[in-house]
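In the two complexes that follow, chain A is the common piece, with chain B as its partner first and chain C second.
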Partner chain A sequence: MAESALTAPAPDNSLAQWLKRRLFANWWDGLITVFFGAFVLWVLFKVVGWGFVDAVWSLENKDQCREAAGACWSVIEARGRLILFGLYPYEQHWRSTLACGAIVATMILSCLPWFWSLRRLPLLWVSGFGVFVILMYGGVFGLPLVTTEQWGGLALTVFIFAAVVVIGMPLSVALALARRSPLPVISKLAGGIIDIVRSLPLLTILFAAAVVVPFVVPDWAQGDKLGRVVLAFAVFFACYQAEIIRAGMQSIPPGQEEAAAALGMKYFYRVFDVLLPQAFRNTLPSTINQFVITFKETSIVTIIGFFEVMASGNAAVGTGNWTAQYVEVYVFVGAIYFLFVFGLSRYGDYLEKKVRLGVA
Partner chain B sequence: MYRLLQHKKARSWALQSLVLLVSLGLTVSFVVIARENLLSQGIATGFGFLERSTGWPINFALIEVTDRSPYWRMLLAGLLNTLLVGLLGLTFATLFGVFVGLLRISSNLILNIIGTTYVEIFRNVPLILQAFFWYAVLTHLPSPRSAISIGEVIFVSNRGLILPALNFPLLDVLLLGLGAVAIVFGALQIKKHSSRAAPYVWPASAALLVLLFLLLLLTGRSPDSPLVTFPELRGLRFRDGFDIKPEFSALLIAITVFGAAYIGEIVRGGLLSVDRGRIEAGRALGLRNFRINQLIRIPLAVRAMLPALANQYVWLMKATTIGIAIGFPDYFMVVSTSINQSGQTIELLALLMLGFLLINYSIGFFMNRVNSRLEIKGKGPLVDG
Partner chain C sequence: MPDAAIQLIGVSKFFGKYRALNKVNLEVAQGERVVVCGPSGSGKSTLIRCINRLEEHSAGRIFVEGTELTDDLKALDEVRREVGMVFQDFNLFPHMSILNNCALPLMRVRKSSRQEAETVALSQLERMKIAAQAGKYPDQLSGGQQQRVAIARALCMQPRIMLFDEPTSALDPEMVGEVLESMVDLANEGMTMICVTHEMGFARRAADRVVFMAEGEIVEEADSDTFFDHPKHAKTRAFLAQILYRRPAEA
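And then the complex of A and B:
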């Protein structure tokens, strides 16, 4: 039959064929595969050898570190608590752990679509954040008081992130709404603030909050340094997030808001029941990306003098005994960031695919 | 209806006046309190302090600064440092990023794996951690006494990379760079406006550039100093030669490596955004792969990349401020040290903001120019802001 002669042969989708196509499409490709394959194997061999095979694992054997060819993970056993908990009182470390767990649980729960509403999600985050603060700060339920000066390590990183998100999100909605307000003074003011903050490095804004604000604000309004820095960070976050929300609102046909107005809905309901749910849904990937960036940038507060996980990692190698083990410590701290950031960004990619397919 | 309108108008006027009053009030109270604080510390407001000498040195500068240099000169040195590390970082990150992007879209599985691993590792770890890491690596190199030498001319030690020095001050390097940009720009203008083909333009500009180099070389150094000096170990440190400090190298490496991961993704996205049909059309016209890349894929991909690239450049430029963490005296570090030392908080903060606004708007302006040059005519602008 003529027809069967014209149809292409069914593509061979077996694993062997796929590998052949991806590895040995032609002689040139094969050469690259062999050469770079050898390179990858060599790197893998080196990394596994350094990190696992030749590594010294426990603190008792730390004298072997000098001779060992591999990593000296003893440093993590010796300094791990310092890195994870900073100067938080030793007996209370369980509180710091639980508090971090509360925020992680909040993050995981917010990935469930059931929570995706403008009432449930803020409630979830505020309660998660509340649990965190009660556990960390104490002073109630028989928990001894631990002031913010003693907070440190991973818990401080997580605190800054969560506080920035919890304060920054409502602020960003307010800024976005102000910027698209028909009242010229308000929209110009919001636009000006957003544009100026966005053109400045985060570090300069945090620095201004930590060092300059005490200079221009009366004593009673200053609060503590951590509070000021977190607030400034939240403003920075809000200025970026406001632009994302604004883009999300612009992608909604104006007819929708007009229809809502024609139905007699008040401004508040038009915004919170019509515009914002769609704006958030349209910009979910960018919002998650903003979270990712924010989590990484919490490390900048190290420079202002806070003892979060980056700074405590530095402190762990800064003192005499372990200076040679800087690679191990930085790998450990890097792995902590990686866990959070990689998880979040993978989730963002997954959502982006869903949004693109119109499922979410 | 009329009364309702009146009412609404009145309400919006009231609201706006209130907002205006509150923000004005806050600003005025900030200024008043700052002035009081300054007066109580005996610090005069205004920019007069820029002429005073600083009394503290910085360890890396393109122009000559000492601890007796005035503030304005120190600030200028800091700004130049930021520009230097930023522009070099952007250049290297872009070159390396293109390479990473190509790895990411390669049809070869192994190259894919290398590209993906690179991007995932370096994009998901904070820049400042990477800077600390590279700084630790560089300062854990052997001491100058047991420096690693390459042909006894170049030395690598924990004090930095030491190269033979061409007796050519860094300011002259900058002037040469500016000259090169001006010459290329002029050549392009001549090419554009001359009606005939102008084959002499490029050789002539090359000659002009060489001439400029020689001129700067001859005038830039004191007449009795040698043209090239080789580094020499004297006691605990190297004398002569040109040394690149570990603070600078670590920041540059961190920005390059981190930026390349992001730029690689932008390049990948740009290349993937090119419509398959256009490439197939090129193939149907009988173009070879090289010509398809040159004429269709790359020009279209570059247009798609530009807005994201402009944002990334601005971001990386701002990120150079983390240099303070490892002791690189960039603009921010000089400003913050100045604030500590002189107490001229408000003025210096204004200068800091001005510096970054200038840098960001220059990048935006430059990218917009490139964009409007490349734009397919008849379409709206691709870059906003």
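And then the complex of A and C:
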């Protein structure tokens, strides 16, 4: 008797029971289920019909596009290269592909915990960017020179994102640490920088870096326009990320740093072994959020004349015979963004689970 | 005073206008075990936190193993290497395994290789009878186990002095025993210890001397038998009456 009193009744898990419980519990529930079920099916039917069933797929059949009820994917075949490579010289597209691959590979590698050390991670990124710049810029190993004004498409988007994050992350840690410094000059300075940069729109900052800097900074210190834009973007990113990291550090009980100090660990180790790993763990969701926003915001560099993947998409439908196919092109570009951002979100999810298990 | 492990001369500590310590004089000899007790807010924790400069004293002088605590960071590092501390809330690093909790500080502070550090760590965990948990993470352990790991972690640095800041106050009652047992073992091995605690049983068994504090001052100090059997000061008697009255009811 005692045993049966302690055992929960076995739940009825049959499909019919589940449907009844979740979807058709009463007439009102049933009505909503039917209505929204029908709506979802209708949307699916339309999307699949437009995107697949009625679509025209190849360039040869592009004449059918006018009559076809569905999408005209011929445009991707015709203008896909322009979207993916922007203004990059046609014969050199393979270089852009490899360079883009190098950055993506570096991104994926730096997701592996094996690389998470102060020695390995910088080494990985220096080589990743090295390969990228050699391939994209050329001028060595018999590769023709391609200046940054001609860089474009997906490779440019990925490069800007990676460079902003890689420069911005260490900068954000430095700003966060400076802001909680006991020395008022340093903490006020860091706080001031963060507050000023945050209160300016990204657009203004990038515009200033691209257009205003050449007027006020001597030639030798100007550097490349793309370089300036990336640097400015990184500072902007760092100011937001610094506040996220600071929040993460504030959520750590003061006893953690005290324990490390009592063991004789110096400031550097207290920060890098005890505080920062916990701060990153605590702020993983907001950090991933910041990454996602940054990836999508890279499209803003269009306004200073860089043809990243979004601008290239615009250019692809802007002229010539394909002006009618803008929806297809935007869907294509959207799918590229989705691929990256969704991957990032899934990785964030995986990290959170891992951290919760106490493995990372 | 070269033979004193710890020497406090006229030490005061202010938090803003609040006076936590008022001209405290205390001397602890090598190998001596001192228990500090007193009502909450009496400055006991502040006192021992000044000894490894987790709190900076406002006035007076503090010597640890002959080194004076000043703004000199190098001297401070030296002192902190000699002084181990155990906290009320354990303060294990939650993102590291038990083994790494003990080994990493050794690698960072003593510059040991990972292998050396892990050997030392395991032997200290063994000493605290917790080596079987070495691969786990702090939140997988009970409070008593965590506190024993914290003691092992402090011992890894081979300190000559151990400070305990209410090491059993955050524990469930059934876990107090195992931690006190480890501390008694440590005391019997001749470690210099200062322990802030209300565990009067421990004080009687292991302490050479009991220091009673109230309102930031040392009110009374005596060897443990004298302290418990013939307390002199009225405040001491009141405190003991309260704490000893509470004991049997809990046990």
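Keep in mind that, in the parts below, the second predicted complex is superposed on the first by the 326 of 360 C-alpha atoms of A that agree within 3 Å, B and C clash if a C-alpha of one lies under 4 Å from a C-alpha of the other, contacts with A are read in each partner's own complex, and residues count from 1 in each chain.
Following the convention adopted for this analysis, a contact is a pair of C-beta atoms (placed from the backbone, for glycine too) under 8 Å apart; a residue touches a chain by one contact, two chains touch by 3 or more.
The shown structure was predicted, so the numbers you read here are calculated from the model rather than taken from an experiment.
S.K.: Of chain B and chain C, which one touches more of chain A's residues?
M.R.: So, of the two partners, B touches more residues of chain A.
S.K.: Who does A:V48 touch here: chain B (first), chain C (second), both, or neither?
M.R.: neither
S.K.: Let me test your reading of the model: by the given contact rule, A:Y330 touches which partner, first (chain B), second (chain C), both or neither?
M.R.: The answer is first: A:Y330 touches chain B but not chain C.
S.K.: Looking at A:I108, would you say it contacts chain B, chain C, both, or neither? Reply first, second, both or neither.
M.R.: Touch status of A:I108: no partner.
S.K.: Touching A:Q278 in the superposition: chain B (first), chain C (second), both, neither?
M.R.: Touch partner of A:Q278: chain C, not chain B.
S.K.: Applying the touch criterion given at the start, work out whether A:L123 contacts chain B, chain C, both or neither, answering first, second, both or neither.
M.R.: The answer is neither, since A:L123 touches no partner chain.
S.K.: Counting only touches as set out at the top, which of chain B and chain C does A:T204 meet: first, second, both, neither?
M.R.: It touches chain B, and chain C stays clear.
S.K.: State which residues of chain A lie in both footprints, the one left by chain B and the one left by chain C.
M.R.: Shared contact residues on chain A (touching chain B in one complex, chain C in the other): none at all.
S.K.: Taking the complex as given, what residues does chain C use to touch chain A?
M.R.: Counting only chain C, the residues touching chain A are 52, 54, 77, 80-81, 83-85, 87, 89, 91-95, 104-105, 108-109, 137, 139-140, 150, 153-154, 157.
S.K.: For a test of understanding, state which residues of chain A touch chain C in their complex under the given definition.
M.R.: Per the touch definition, chain A meets chain C at residues 253, 255-256, 258-266, 269, 273-274, 277-278, 281, 358, 360.
S.K.: What does chain B use to touch chain A in their complex?
M.R.: Residues in contact with chain A: 12, 15-16, 19-20, 23, 29-31, 33-34, 37, 107-114, 120-121, 124-129, 132-133, 136-137, 140, 314, 318-319, 321-322, 324-325, 332, 336, 339, 345-346, 349, 352-353, 356-357, 360-361.
S.K.: Enumerate the contact residues on chain A facing chain B in the complex.
M.R.: 19, 21-23, 25, 29, 32-33, 36-37, 39-40, 182-186, 189, 196, 199-204, 207-208, 211-212, 215-218, 296-297, 299-300, 302-303, 310, 313-314, 317, 324, 326-327, 330, 333-334, 337-338, 341-342, 345
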